[in-house]
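A single structure is presented below for examination.
First chain written, first letter: the chains are A, B and C, and each begins at residue 1.
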Amino acid sequence: MNSNTAAPAAAHDHAHAHDHHHHQSFLTKYIFSTDHKVIGIQFLFTIFVTLALGGLLALGVRWQLAYPWSELPIIGKLLWPDQGGQMPAEFYPMLTTMHASVMIFLVIIPALTGAFGNFCIPLQIGARDMAFPTMNMLSYWFMWPALYFFLSSFLVEGGAAAAGWTSYPPLAGIKSAAPGSLNGQTYWLAGLLCVGMSSLLGSINYITTIVKLRTKGMTFFRMPMTTWALFITAILQAFALPVLTAALILQLLDRTMGTSFFVPENLIVNNVEAGPGGGQPLLWQHMFWFYSHPAVYIMILPAMGVVSDVISTFARKPLFGYKPMVIAIASIAGMGFMVWGHHMFQSGMNPALGATFMVSTMLIALPSAVKTFNWLGTLWGSRIQFTTPMLNALAFVSMFVIGGLSGIFMAATPVDIFIHDTYFIVAHIHYVLFGGSLFGFFAGLYYWYPKMFGRQMNEFWGKVHFAGSFICFNLVFFPMHILGMSGFPRRYADPYSFDTWKDAQPLNQMMTIAAVILGFFQIILVANFLISLRRGKKVDGNPWRSNSLEWHTPDVTPGHGNWGAHPPVVVRGPYDFGAPEAAQDGYLGQTENKYPGVKA
Amino acid sequence: MKPLDGLGLAAVAAAATFGVVLMSPGNMESRTIQLDYALPPSVVVDYEFGEGGFRALTEVMEEAFGSHAAPKLPDEADAEGLGIAAGQLATGREQFRVKCMHCHGTNGGGDGPTAQFLNPRPRNFRLGKIKFTSTAQASPPTRSDILFTLKRGLAGSSMPSFVTETDEHLQALVGYVQYLMIRGEVASLTAYELDDNGEVEEFNDQEISYEELKEAAADYLAEQVEFVAGKWADASDSIVIPSVPRGPLDLASAERGRELFLSATTECSACHGDTGRGKGANVYDAESDTYKRQDDWGNDAIPADLTRGLYRGGDRPLDLFRRMHSGIKGSIMPGFAGNLSEGQMWDVVNYVYSLRYDITE
Amino acid sequence: MNKFWIFLFALVPLGVLGIYFWAHAQGGALWFPAGISEMGEDIDRLFWIILGLTGTIFFGVEALFLWFLFKYDGKGRDGQAVKYTHGNHRLETLWTVIPAGILVFLAVFQFKTWKEIKFRSNAPDVPLHARVTGGQFEWRFRYPGADGRLDTPDDLEAVNVLHVWKDRDIKLQLESRDVVHSFFIPAVRIKQDLVPGMKQLMWFKVTHTDGQPAPDLHEIACAELCGWGHYKMKGRLVVHETEADYRAWLTQALAKQNADQADLGIVE
């Protein structure tokens, strides 16, 4: 095994680091730390900040949809005193754009790949740290300039980017096209470049770590699903990101250097001539979606991994179809590169091309279906413990079914003609990204919290948070399917000025109220998280009686180097719950050297 | 469940219920947007009235024109002559708040939050004029001129078309725009009178009381209302209708138009350029890429590129004729009613069309 | 307490069912807008087929899911044996092949409608009805005049209002003046992006007018974010009952546009 060569080197490093352990200041230990666990926890704390930001932006959107042209509560009068506090029309697309950008690039991606990826990968494969610890630290610190650019873009002339998170040129590329395109879009591009850099550093690190630093006995097919999912996600990121980066730089050049990659000839926008021309707006859409469709899988695959681990643990039963699950994730990643055109069915792309993208898109639903069936198979004949992580994981499964099935509607090109750019799409993405990724994140948070801090989050309040989030989430987002059926368009500051949709306002008011309460329930999560740091129930190293390697560290909360003097030796897969030789509660850890009929 | 948790749960339930009640539609309906009209910025900048003077002016304006919550026409204005029906101002104000205010501003000053990003800037109604009308050069627009802009939009600007709105809303909007324009012009003229006749100075020197100052302001205001509203009521008497027919759009007519376009009589090409693409030498400085002259609203006067086929004041031949006849109000485009015959103006119109259409066939 | 969680999860399929019935009863903005074209009926039919299929799968999966939660609730069963299995090759094959078949069938099933609506080779052989130019924030419709060609002085230009007549193939050319827009007529179920620098073609036929008095009015919307005034791009589709009605409107509109010695009003 290649880890044989790597482990001693890591051990040496560890011993060396240990000598200086007591000289570490707060700054080097908690701020500029190169320890993967601290970096993971840093990501986690950051995410609570960005989640709050993204959530508030969402509430702004919801407010306008419920009570358009009324005073925006709290900040309305401060921002627009001479308008009586009602938001102007150009502010609404800024809210939608920045809500999506923050949630996707600063919450979901860093939450799953950043926080859990960093914390779990070395522990789950028995490594002492990531392969490139300094690079790992950089990957975290690249998040902050991104957050800075996003936040400060609200303060520049014209305000934040307002061309949608997809930033289609010429609206995004030409300064005169929208207030948000004046300066805000440049900040958006800079922010995204930083996020991209963070992701790229992280993904190279993850791939290298998983390939090179697995401990003795940890074969590829003994890795837990979380690590598998993060591994494939990292590969996906490493291959898709360069295309986005290129696209971002081209748009940046269009905006700042007078090039015209995405600007056609003789274009005059807002009575300003838009550069020499000769470019093609659709080129951006192709490049953007070539990254951003795989990005959707970057946001869901790690959650699938987390949920697989959690479900198997609390079903006290082996994961049903471990290898098919791995193959399913890998094929999602592979096919993920062949479906980007389904975002462009109505864009003017050749409809024959659309037909081929329809077939590939239909087929990418297949591995997701296989995964769902396997989760059900895991539950079959199990012994379910309804703990907070399990409830969130089960919610993931039932919400992902809706999100996955609604995707078939938009994969069908003729139906997509009608529902494209309506609230049906909004419903779909939120069922996948909130109902899916975010519930997966919650599951992982409650699940690994004891390993991070040596204490458990309060189960009662965890369940209150879950019940409230689950109910409100469905109240906010399921009706969007219904709105979509009426053709209710996205990104409209005032859809009720249309006779076709004016009757939809009461339903939107209900959704907004549910959204505010949904936000309110997240305060419970944050409070539970923070209070449990000090007050949470103290637990031993493996409170959930889980099998995978991260629960077998010598200390309750592993210190620097994770494994003390001797890295663990793995003898079996991560899901041998309930095996004949297992303990009464089904536990049979990956390092347990027990075999049927053989006394340990 | 521990007792403390039960208490917390009760608090959560109470907070959620409170949230639902607070944000329920019923509760929201009682909340209306609170806005106030203000004096035009030009008045505040141009006159040194001091606090008392401005207050007197503000108060008499509100007494005459009502507040934002309850706008009304002054008694001196002839509502019937203006064509503003009862109840139209309240409806118009609500429509204006939702559809127009973020560009045109609360007072119609063209200073809403969106305004600074638009090119050209949204119209400031408070000068009492708009660019494109069917009336003679010195006249304000008619109701149907405002309605025309609302329905057709201004091509090539950010002013969209509201043709799909109900007639009731459109008529109300027209009335409210008239109201804002009259209100703005009266405020400026009254301020001028107060300054010119010295009442504010007397008040500041404590020679007259605040009541006397207000009384004087009210008198001037009434005079100005009569003058301005009268102008508006008479506008429909000066609608420009050509008495000479247009004549065919052919090479001969276009050639005559071209000669006029280039001639010293009209100096069209001095601003619109020899080829009609704008950026004429009289107004445009190529070296610094700036325009030399401004319109009445203080914005750069940018002559139209006539080859684009986007005619802001309307694309009917009649609209172009009216531009030739009365000019573009408040801008540097003059009217040629005095210099050219109607037939000549039609020739120029035909020439302008020939810049866009191939008429050689 | 565990039963509570099962109940909570059961609320989802129940709620889904409930909201569909509720929305259907509400009608109006919460259901498909009344369709006026055959192509729209095809799209609606495909929608219902997919909804039926995915709905069946959804309720099947949810039923199984809830049944498992109920049956395999671990409460009071500490230490009991679980089914110790790592999977089943035959089951995996089964639930890969069957959904694959369904999905490929679904995709192939869509081809015909997609081709009819969007493939240029399928465009009706009729002269261009009008050109639609999207701009911030208006639709400009330019109808060719008697010479049948666009951009000649006898054209008619209208803003935000498109006139067509019933049972006629309407072919439109779509262009954008500035940024990407999307021409969307909900009642016809048609949508096409307008990309600056490209010319798109779109065609449809209004086949029924929903029993309303002629002319039938429907809304046109922009479906691709085009700036702060995106929601202000509200247009109107006017469907005349017969060609004669349409011609009468056209004559009158041309008279309004070209009048030189009287102001006859606005083309709308």
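A few comments on the model shown:
The rule we apply is simple: a contact is a pair of C-beta atoms (placed from the backbone, for glycine too) under 8 Å apart; a residue touches a chain by one contact, two chains touch by 3 or more.
Given the structure is predicted, the values throughout are model-derived calculations rather than measurements.
If you compare A-B with A-C, the chain pair joined by more contacting C-beta pairs is A-C. Most remote chain with respect to chain C, judged by CA-atom centres, is B.
Averaged C-alpha coordinates put the centre of chain B at 38 Å from the centre of chain C. Taking the mean of the C-alpha atoms as each chain's centre, chain A and chain B sit 49 Å apart.
With centres defined as mean CA coordinates, chain C is found 30 Å away from chain A.
Multi-chain contact residues of chain C (touching two or more other chains): 136, 219, 228-229, 232, 234. For chain B, residues touching at least two other chains, in rising order: 99, 114, 117, 156, 158. Multi-chain contact residues of chain A (touching two or more other chains) are listed as 88-90, 178-179, 268, 270, 494, 497.
Residues 135-138, 140, 151-153, 157, 159-161, 219, 228-229, 232-236, 256-263, 266, 268 of chain C are the ones that touch chain B when the two sit in their complex. Contacts from chain C toward chain A in the complex involve residues 1-2, 5, 8-9, 11-12, 15-16, 19-20, 23, 26, 28-33, 40, 42-43, 46-47, 50-51, 53-54, 57-58, 61-62, 64-65, 68-69, 72-75, 77-88, 91-92, 95-96, 99-100, 103-104, 106-107, 110-111, 113-115, 117-120, 136, 177-180, 182, 184, 186-187, 189-198, 200, 219, 221-232, 234.
Across the complex, chain C is touched by residues 99, 114, 117, 134, 144, 147-148, 151-153, 155-156, 158, 160-161, 163-164, 239, 241-243, 245-246, 249, 315-318, 321, 346, 353, 357-359 of chain B.
Those residues of chain A that touch chain C in the shared complex are 88-90, 92-93, 162-164, 168, 170-171, 174, 177-179, 264-265, 267-270, 277, 280-282, 315-324, 346-348, 351-352, 354-355, 358-359, 362-363, 365-366, 369-370, 372-374, 376-377, 379-386, 391, 394-395, 397-398, 401-402, 405-406, 408-409, 411-415, 417-418, 420-422, 467, 470-471, 474, 478-479, 482-483, 485-495, 497-504, 507, 575, 577-580, 584-586. Residue ranges of chain B in contact with chain A, taken from their complex: 1-2, 5, 8-9, 12, 15-16, 19-20, 23-25, 28, 31, 33-35, 38, 97-99, 101-102, 105-106, 111-114, 117-120, 156-158, 302, 308.
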